[in-house]
Amino acid sequence: MIEWITLHIVEKYNFWIAMIIVIIGLTAVVVKENLLKKLIGLSIFQTAFFLWVVSLGDVGRGDILRTWGLRTGAHPILWKEAAEKGYIYMNPLPHVLMLTGIVVSAATTAVALAIVIRIYQKYGTIEEGELIEKELQFEREGVN
Amino acid sequence: MQLVEHFPVLIVGLSMFTAYTMLLVGFLDRRLPYYIALIMNSFFFILSLFILDYVLTVGPIRYWLGGWRPPWGIEYVVDAMNAYLLIIVISIIILGLIYSRSNVKHEIEERKHVTFYVLVQLMAAGLYGITVTGDLFNMFIWLEIASLTAYALIAVAGGRALRPAYNYVIMGSIGACLYIFGVCWLYAATGTLNMADMRLLLPLLYTDKVVQMGFAMIVVGVMIKAYIFPLHLWQPDCYTWAPSTISSMMASVHVKVMFYILIRLFFSVFTLNFIWQYIRFDILLCWLAAIAILAGSIWAIKQSNLKRMLAYSSISQMGYLLLGLGLSAFSYWGVVGLVAHILNHAVGKGCLFMSAGAFYQKEGLRQIKDCEGLGKRMPFSSAAFTIAAASLIGIPPTAGFASKLFLILASLDAAQYQFVVVLLLSGLLNLIYFWRVIDKIYFVKHEEATKREVERRGDGLPFSMLGPMLFLASLCIVLGFVWLSDLSTPLMNQILANLGVGGSL
Amino acid sequence: MESITPLLVILCPAIAAVLISISRNKPNIREVWTIAASIVMFALVLSMAPAVVNGAKISYTIFPTMFENINFGFRVDAFGLIFAITTSSLWILVSFYSIGYMRALNEHGQTRFFFFFCLAILGALGVALSSNLLTLFIFYEIITISTYPLIIHEQTPEALKAGHKYFAYLLTSGVFLLFAIMFTYYLTGTTDFIPGGIPALASATQIIAIIIFFCFLLGFLKSAWMPFHSWLPTAMIAPTPVSALLHAVAVVKAGVFGIVRIVCYIYGVDLMQELNLWLVLAIIAGFTMLVASFFAIAQDDLKKRLAYSIISQLSYIILGAAMVTQSGISAAMLYIPFHGYMKITLFLCAGAIMVASGKRRISEMAGLGKTMPVTMLAFSVGAIGMVGLPPVCGFISKLFLCFGAWELFSPYNWIFLAVILISSLLDVIYFFPIIHAAFFKEPIGEGGMSGSYKVKEAPRFMLIPLVITAAISIIFFIHPNTFYIYDLMKIAVGQLFGGV
């Protein structure tokens, strides 16, 4: 039992934490009525996931990926042998990838915020239920 | 290294560069960005023709960015499939730009014109990028560029378009996130991001849960972007309220390029062997497609808004593509149908959205019931609408008939007879919802129509709107013969060979 | 034999359609295009006849398709040419007639009418000349689509409803046809018409062959076999020239033509007998013949009665093909031109009556023979031919049909002979009262006084074509080889049965 917990939970704590935060974010996206809160949820979702990918880069220490039965493959900057000789190093590629991802997520948030502002200007509210009601009202009045 | 081999990267790089130039030039004169975009994209079109010729005669182009060797550097790979898609994307973007000239004046405030064209050009750059790249992460960057600009372009219409645009941002971001999630899982397993390299490394890991999970993540992420059936909910509202130009461009090429990611994933990152032996995904995909085809059509029948109906029709047509993809595991005719339908649907749906936009611009109509007597008032747009609708229904000898024929043959070849029934039934459903409109346009008597007929001759639309529409409509018929004839056999054989599908025509 | 003539034949109506839409504001020039195209087309079709009579097959491949062994193109054999000659020769007459009709009634949307008329003719000719099922299907669907605007020409709600019904039936059937064609191709690797049937189909699983056959039958629903016939009487709401040429000849004959093609050139005589499909088809045909005749008796609207008469007569053709005997198939092939000419006479008369006197109902037609003698005489010729009495060509084809039934082995020969004869009697019952009323009864209502009739015929544009069709119906009796019809039939049957 202890072994199982060690193997699947303690050693892979980064996976678990990331997954929990991802689920928190997704829940917010789905459940919240307020458009801004949805957006916050989306950001949490994305960030949690970046966190996980960054943690993948840590191949030198506990060698989580090995115990997980994975191959880490050839890395562009440090050689494989370095890891085998026990040097502690981080694979920088996930970090680089996630740097790009963060930029993209910032851009997404900016676009979404701009749209939310326009929605507020147009409808006077950012609660989804009220928005839909207003839209139905427009539909009846024939306003585009 | 030949000159042609630089063209893919030239197209993508110059597109980005053009977009920023347009923004700067826009300060000088608001009309200039349009002309710059038009000229540059026409230039890209010529380049893409050279690329296709090179790919068909010599072989795939492999371009290493910055001279870095593939597993580490980014690689651009253009084979027959990309070259074919690249030509479609560029030509539809050009036609859309021509069409937008007077449409944009009508639907978008003037102060936004410069940014509108900049965003269109950026979206084009993103689409070209996805098309030519051979690197999974690079594909994500282009995917995001194409998506972010699409969010903004839908929202640019203002008013009712805003809420759908917001929904699209949320759904699209989740989709993109899942995509990059999947790519990272594959990276964790193989340590590479290059498609060709990954294809070599993956077969040993096909049974690995990580690889299978990564595959599933990417598929779901892309499915959101390509609004495949259960994940389509953001799409109808967006297409209904977006500017007509954008609806037309997105429905015809944006979604095709998104779908292209799936094709690459299936054929160039994984192999068909993985799809049908290790995860048994093919038949599931076919059933999903069957449901999408029928459900999309039935929803389309229920709509009263013209553009919304077309949007649901797109969902159903994406099902055709998905069916082709699913059946390709059994029969190479599936790939043929898929490849043919990519073009046919791009041409047909582009034309339909353009004419819907023309109806809105001239008559202010959005509802199907207002279409009465349009055939008299706007003869050319109505004719274009009718021909394109006939193509999507699959009436011979239009283009849609050919792709339906290929898909039917694929289902027969795969001994999956139920999908033949689905395809044939969907033709009838398409007929119901399109014919409802055509009946209104031409055949229902309308008193006002005869009165208004005297006021003007023709459509009262500039040639810049009619030209692209009529060109696409005529293409619907010409393509019908091209696909039936053996003219396209060399291209198809090359695509089949490049995608690693057995068999040839 | 390679020749470009079939392509030219198809191009005639296509070019005419384009020219018509260009000169839409000049009615006279527009009509010239229709007539010129019809005459040129007939000449081209007839020019192919001598070669075909000598046993040649004129083929022209437009392009090879992506599918192996299927070429998009034409191959003119004797049977196809019979249908082509029938349609193209009648088009000349009907185009004169329709000009007169449309102008006399001052109809709206005449350009649209002539445009789609040309397209429908294109479809019919394409069906006649096509070399394989896929080509045939494309042209067959062109007929379906282009007939829709003609049927709903009035644009009234009833007309639209009729059009929708027409579409619902025929496009659904097109789906079955497409399925059957693709399945045939999948099974046999070819869709060419081969006299005596595709050999590979005989080696297919029996049950699949039977299912495909039924799909083909459903696919060729244009032949209006019962119980899927109700689109045809509804579609009679179209203007009379449309009903005449398209519903009496081009559309429904395309369906029947397709069934004969399937029976003789896809399945072949042997397979039909082996799978007992001939019996199924013959029963359907016999049932339709009798029931449709009863329906016809009950109709009061002249065009409706003619519509049911078509349904009944089409089944003669199907029956002829279904019997798969030499005389039966000869009868089927002869019936296509003969019935076309006789039925078109009747329809043209119905239209002329409507234009000249405004009468649609049979009960109003008493005494019509005195005001419109020529029209009613022509009508009588058509009706006599329908019944199958000399001296009209219907006699010959019915005689062949009876021979065909007789060649069957007993007891079927007695049964089908009886069906044919009973049906002929029913024909008498629903046609002769009209003639009797027209010539020997006093008109009811206005006037009513004898001796005060004024001859008031339809416009000459309409009268002359119907006289010509009536005359040709008689000429066919005297000289069945007019337009090479009889020779072509002999060649076609000879190819099927290996020499007469």
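Here the chain labels run A, B and C in written order, and each chain numbers its own residues starting at 1.
Note that a residue touches a chain if its C-beta (ideal position, glycine included) is under 8 Å from a C-beta of that chain, and two chains touch if they have at least 3 such contacts.
The structure presented is a predicted model; accordingly, all values stated were derived computationally and were not measured.
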In graph terms, nodes being chains and edges touches, is this line, ring, star, complete or other? line
Per the definition at the top, count C-beta pairs in contact and tell me whether B-C or A-B has more. A-B
Provide the C-alpha centroid distance between chain A and chain C, rounded to the nearest whole angstrom. 69
Per the centroid of Cα atoms for each chain, what is the distance between chain B and chain C, given in Å? 44
List the centre-to-centre spacing of chain A and chain B in whole Å, with centres computed as mean CA coordinates. 28
Write out the stretch or stretches of chain C touching chain B in their complex. 63-68, 72, 137-138, 141-142, 145, 149, 152, 155-156, 160, 163-164, 167, 171-172, 175, 178-179, 182-183, 185-186
Which residues of chain B touch chain C in the complex? 336, 390, 395-397, 401, 405-406, 408-409, 412-413, 420, 424-425, 427-428, 431, 435, 439, 442-445, 481, 483-489, 492, 505
What residues on chain B touch chain A, complex-wise? 71-72, 137, 140-141, 144, 148, 151-152, 155, 158-160, 162-163, 165-166, 169-170, 173-174, 176-177, 180-181, 184, 187-192, 201, 205, 208, 210, 366
Show which residues of chain A lie in contact with chain B when the two form their complex. 26, 29, 35, 38-39, 42, 45-46, 49, 53, 56, 65, 68-76, 93-94, 97, 100-101, 104-105, 107-108, 111-112, 114-116, 118-119, 122, 131, 135, 138, 144
